[in-house]
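Shared chain: subunit A. Partners: subunit B in the first complex, subunit C in the second.
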Partner chain A sequence: MEKIYNELKDIVGAEFVSNQPEELFIYSRDMGTMLPAAPDFVVMPDSTEEVQKIVLLANREGVPVVPMGGGLVLSGLTRALKGGMVMDLKRMNRILEVNETSRYALVEAGTSQGILQAYLKRHHPGLKHSIPDAPPIATVGGNVLIHGSGHLSQIGGFHSEMLNGMEAVLPTGEIVKTGSCSASPYWFSRAPLPDLSGLFIGWAGTTGIVTKLSIKLFPAHPYNDARVFITGDIELIADVLHRLTGTQLTEDITAGVSCIIGRVQIFPMVIINYGADTKEELTWKRNLIRASVKKYIDDKTGGFAPLPPASRADLLKAPNPQPTQVADEKKGGGFEYVGSIMPIELFAGAYNIGVEISKKFGIDNLMAARIIGGHCMMFSYTYTFNRAIDADVDLARNALHETNNAVLKLGGIPWKAEAPAQKEIIKHMDPNTFQLMNRLRSVLDPKGIMNPGNWEVG
Partner chain B sequence: MKHEELLHRCFRCGWCKLPVNFMDINCPSYLKYRFETYSPGGRLWLLRAWLTGDLDASDRFKEVLFSCATCKNCVEACGIPGIKDHLVDMIIAAREEIVNTGKLPPSIRNYLTEIYNRGNPFKKPQSERGDWAKGLDVPVYNGQEYLFYAGDVGSFDESGIKMTRAVASLFLNAGISFGILGENETSDGNDVNALGEKALSEHLAVNNIDQFTKRGIARIITLSPHAFNAMKNAYPLLGGKFEVYHYTQMLNKIIKDKLPLGSFKARVTYHDPCYLGRWNGVYLEPRNILQSVPGLDYMEMGRNMNSALCCGGGGGNYFSDMLGSGQDSSARRRVREAEEYGAEVVAVACPICKKMLEDAVKDEGLENQMRVMDVAQIVIEAKRKQA
Partner chain C sequence: MYELKFNEKICEKCKSIDCLMKCQYMDLGLDEAREEWKKLIRGDDSRVLGDCATCYACEEYCPNKNHPFYMIVERQEEKKAWPVPIPLTEQQLLVMRPRGRIKPQKLRAPVVNMCAFPMLQGTIRGKLFEGASTFGGYDVFCNIMWLHFARNSTIRERLPKMIDNIRNNYLKESGVDEFICFHDECYGTYTHLAPAFGIEVPFKPIHLFEYLTRKLDALKKQIRPLNEKVAYQRPCSNRLVPETQHWVDDIFARIGAERVKRQYDRENALCCAGTIQAQQKDELADDVQKRNIDDMAAAGAKYCVFNCPACFFTMKDLVAERGIIPILMSELCHIALGE
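Entry: the complex of A and B
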């Protein structure tokens, strides 16, 4: 261990590697409900070359490497389940290029969402990226690689779909490029080449370390608005979403309903965000959005809620701080959610699961969905807990586990799933698919050093 | 520990690492060290682990604890409204616990010992405290309208002294009725309090309150935002109720009528001191002064007002130097930011910021293109042109 520690020091400098109890304590846990798992070291490289040297060392010594961005995934994916090192990538946070005309940004993987947003506002005010509602220190790399979604997911789908290509260090130390940048100086798309980017997306850091990535940018409109559609009938929501997404005029659509220990408290709300270059265009879009759900307004089963200016301003915030504030719901500093990806048509079914689990566990369940394009949604079940009370954390963990299973039964798939939920997904997975995953992994990572304990059966 | 009941409510979500405008990392200790442990949330989680017995108060733990600059960026940016106002209070409360164990990091122990023994941390005799005023004709306080309080750095540090003299000359020039305490002045206790030495900070405060009261002082102008903060916010809790101004507030009042100015031709930006800005909401007065100077080309850095990056000298770090060195020390990052925005002069309003940024300009090799000047020095230069 001492030898590895010294070599790490040689690579990144003594101040950026630690085996001290303080770092091992913090890096062994995230803010969710998964139990701590301590690394032996924490290391913070500053360049692709340093990442490569660390990986070569880890490979030679058979030491696990757990890549970490913001560490905000909540489901414990950056814990060192089998020891080894957590590689905190946030020193690699350079914004390398913004291509105005072809609308993309090339960044190092540890670049924070918030810093990229501020940079674009300052230097390229006509452009923006799709920011998630995660705390703004979340990294672009971490978010894209887990198939995140955000404020432009109506336009561009999952953030992984907004990826143009990347540079990655393989578990065996080679530096590879995927997408157009592998054959051109421009980082403009993944087409028309074999799509190797998929080797790193959704894998929870088990296939390599992404060091740079190019993501799509979109017009930042000067005029922006939000509307809230309300209906008392949960069964209607899927069709409302179908109609709204069909307009292809919006930037973001989310739907929310909370359930306080089995009791549904508020009408489901659908929040619609859209932007325009002129006031006239904004009005035009507003009218068309309204027209798409006119049927429900006419038969009085739904309607748009009046929005006071302060509420409208809150709804236009990106990232929205409210999801973070949920952590203080019980004055307890904690929540975790099952984010499940599922088709829009399952909205009511997904909701019913949430109510049942809330009743069964006697736990509040805040449900929300972000609609991805016109095709599917990330339906989330959020359970808050008081971090200072072990039994409360256990309750949330159990409710999460049961929710993961119920989601799978319904036909959805848990997103950024905890290690135990990954095992449940594997149970539902076509065996040949899982076999292919394993074959790819054994080719890429013959020594099994990358974030071991994830996407495994045992 | 005070505020212990709030510790577990930190979600460790990290909003506090960035300023409210997200422009760059804005917690000085996280910026320098980069481990999660040195971020505001990491620090709070470590504190909790220490209180629950999961961690010892090791040297590293103390470094984490004492490297907080008490800059309040986290207070401004925290994602949890229910705890944000108390974040720095929690850190100070934990420092208090460590102080009570008597096992302090050496640099902090030395600082506190010097203050205890001599009334200042510069290892200088009190008799030299008023020497900064030599040759200036500054009267000793004797019933004038204002006490001008120079403070430790303004009295003993070479760069601080220049600033104190600049402010005093402007006040003299404008005919402000003021006096100083000279060798009878003692430390204000602000940074002693930030370091968790509550008993000593209260002792200093009570002494000052006593002295001010005995001398019939009702109005105080401070050079340093740190003293301003102590006298404005802490002294009243101990019975010391004075009208307290930071010198930029006073200068702002008189600049138009009493100080005719020539021009000062340079591109100038302003660096907000934490104890003036985030701690006390004084943002506009210094800007107003600068913008009143003819010829001065004023511009803001991206991180300004409540998003300003601390110089790294607050919370006792000016003396303990836990944040001073290295490429990513916040002072160096701050002057690089000023450079990026094309500033020729970084205007400051705090003697600690002044020294920290001056050193950073040297470390960055920017001496030929950038000057750090306090607001009063800029006004003086403009006045000279007028004369």
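Entry: the complex of A and C
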């Protein structure tokens, strides 16, 4: 252990490696309900070369490596389930290139959402990236690699779909490139080559460490507006979403509905964000968006709520601070939600699951969905809990676990699933698919050093 | 219970049908207006049910004080001709429901009723409101707003309870029998709507502008005339109490503000369009707001003064975009007092 520590020190410098209990304690847990699992070391590399050296060392010694960005995934994926080292990538936060014309940004994987957003606002005010509602310290790499979504997901789909290519260090130490950058100096797309980026997306850090990535940027419009569509009938929402997405005019569509025990039920709301280059265009878009749900306006079963300017301004904030506020509803710093990816038509069924589990466990549940393209949604169930109260955490963990199972039964798939939920997904998975995953992994990571304990049976 | 005092016989004899002929949101000829009005009285379908912007203005237009607008709302509710999508109304009914949390409290005169705007309590400040105490919240909400939602039944159900709440928890307790209405709607409710529905009001409401006029007289020496042009946005509820309009002129005279002459003021005032938006008629709302603000700008107004906080929130950004400063009346007075 001492030997490994000293070698790590030689690679990154003494300030950027630790085996001290207080630091290991912090890195042993996240804000969610998963039980702590402490690493033996924490190491913070500053470059691809340092990452490579660390991986070669880990591979030689058979020491597990857990890649970590912001550590905000909430489902315990950056805990060292089998010890070893957490590789914290936050020092690798350089913005390497912004291509105005082809609208992409090449960044180091540890670049935070906040840094990129601020950089674009200052240096490229006509461009923006799709920011998730996570706290701004969340990293671009961490988010893309879990198939995150955000404020432009109506236009661009999952953040993984906005990826143009990447540089990664394989578990055996080779540095590889995927996408156009593997054959061209430009990082403009994953096409037309065999799409190797998929080897690293959705794998919970079990296939390698991404060090650089290029993501798509989008126009930052000077005029922006938000509308809130309200209906009292949960069964209508899927069709409302279908109609709204059909306009192809919006940047972001989210739907929210809460189930707070003992409180008056507020109606489901669909929040629609859109932007334009002129006021006239904004009005034109508003009218077309309204026309898409005219059927419901005409029969009075739904309509747009007039918004006071303060509420409108809140809805236009990216990231939206509300999830962070909700996260701390019960204080104690705990927050976890089941995010599940599912087809849009399952909205009412997904909602019913949430209400049922909320009642069964006697726990408040804030449900929300973000529509991805016009094709599916990320439906989330947030069970509030106070992390300082063990019984509260246990209750939320059980409610989350039951929700994961119910979602799978409904036809959805838990997103950024906790290790126990990954096992449930595997049970539902075509066995040949899982076998292929294992075969790929054994080729890439013959010693099984990458984030072990994830995507495993038993 | 609480039957609307509307007399069909008066309408039968009416030659002018001013209620509909002066309406700014429907363009009807006299014969058509008469016909539509007859349909309404009979309880038949009428285009008025769907086209009414619920601007309250016909309450002012009717020369016979026959409550045409309240009657339209009665018919909308009877015929379920909901002006606003049902879930928006139901959501509002939930959000603005009485909470039953009111407790007796001793207040000191002058007492200001903030109604549904306790969050604006910060405006009750300075020399104008020295020593004033306030009450507000959904347990004392005047509920007149439901006129926009075709819910006279909610007014009938909730308003008498609110009146009891105010009397039993604040006024009796404090030995006070009058209060200042922060919101013009409350004044309209207690002096106009309640009597029209036969709801007893056991206290004396004072219009905010009457109070401000009196205070400005008392503080006369401290006023530094503004010498500014000001446009006035008259709210819908003021159509119920047009007799209070002169206080706008009285206040302006005292603080040295010039009420700009413009097309859409006084009897010809335009709605802020918040309700029209709730009716999902965005293009009409855009048009109304544009005409209104163009008119203010053309008249050279530096300020747009609001009586109603709801109008203020609906229009403030649009007004500001045109370089006109949106402001509540009491705040304009504070400026004149150097506060």
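One rule holds for everything that comes next: the second predicted complex is superposed on the first by the 454 of 458 C-alpha atoms of A that agree within 3 Å, B and C clash if a C-alpha of one lies under 4 Å from a C-alpha of the other, contacts with A are read in each partner's own complex, and residues count from 1 in each chain.
FYI, a contact is a pair of C-beta atoms (placed from the backbone, for glycine too) under 8 Å apart; a residue touches a chain by one contact, two chains touch by 3 or more.
Because the structure is predicted, anything quoted here is derived from the model rather than measured.
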Subunit B and subunit C placed together on subunit A: clash or fit? fit
Just subunit B (first), just subunit C (second), both, or neither: which does A:G374 touch? neither
* Kindly classify A:E22 by the partners it touches after superposition: subunit B alone (first), subunit C alone (second), both, or neither? => first
In the overlay, answer first, second, both or neither for which of subunit B and subunit C A:G173 touches. neither
Subject >> Partner chain in contact with A:P343 - subunit B first, subunit C second, else both or neither >> reply: neither
- Is A:P420 contacted by the first partner subunit B, the second partner subunit C, both or neither? neither
Exercise. Return first, second, both or neither, reflecting whether A:M44 touches subunit B, subunit C, both chains, or no partner chain.
Key: first
Check: Which of the two partners, first being subunit B and second being subunit C, lies in contact with A:P219: first, second, both, or neither?
Finding: neither
| request: Pick one for A:G83: touches subunit B only (first), subunit C only (second), both, or neither. | output: neither
Does subunit B (first) or subunit C (second) touch A:G256, or do both, or does neither?
neither
Least Cα-Cα separation in the three-chain superposition, subunit B to subunit C, whole Å, stands at 18
Counting only contacts in the complex, subunit B reaches subunit A at residues 8-15, 17-18, 21-25, 33-37, 42, 45-46, 49, 54-56, 58, 60-61, 64, 79-83, 302, 326
Touching subunit A in the complex, subunit C uses residues 82, 84-88, 90-91, 94-95, 97, 274, 277-278, 280, 282-283, 286, 313-314, 316-317
Residue set of subunit A touching subunit C in the complex reads 230-233, 264-267, 283, 286-287, 290, 296-297, 300-306, 308-310
Subunit A contacts subunit B in the complex at 15-16, 18, 20-23, 25-27, 30-31, 42, 44, 70-72, 88, 90-91, 112, 114-115, 117-119, 122, 135-137, 321, 324-325, 327-328, 331-335, 386-388
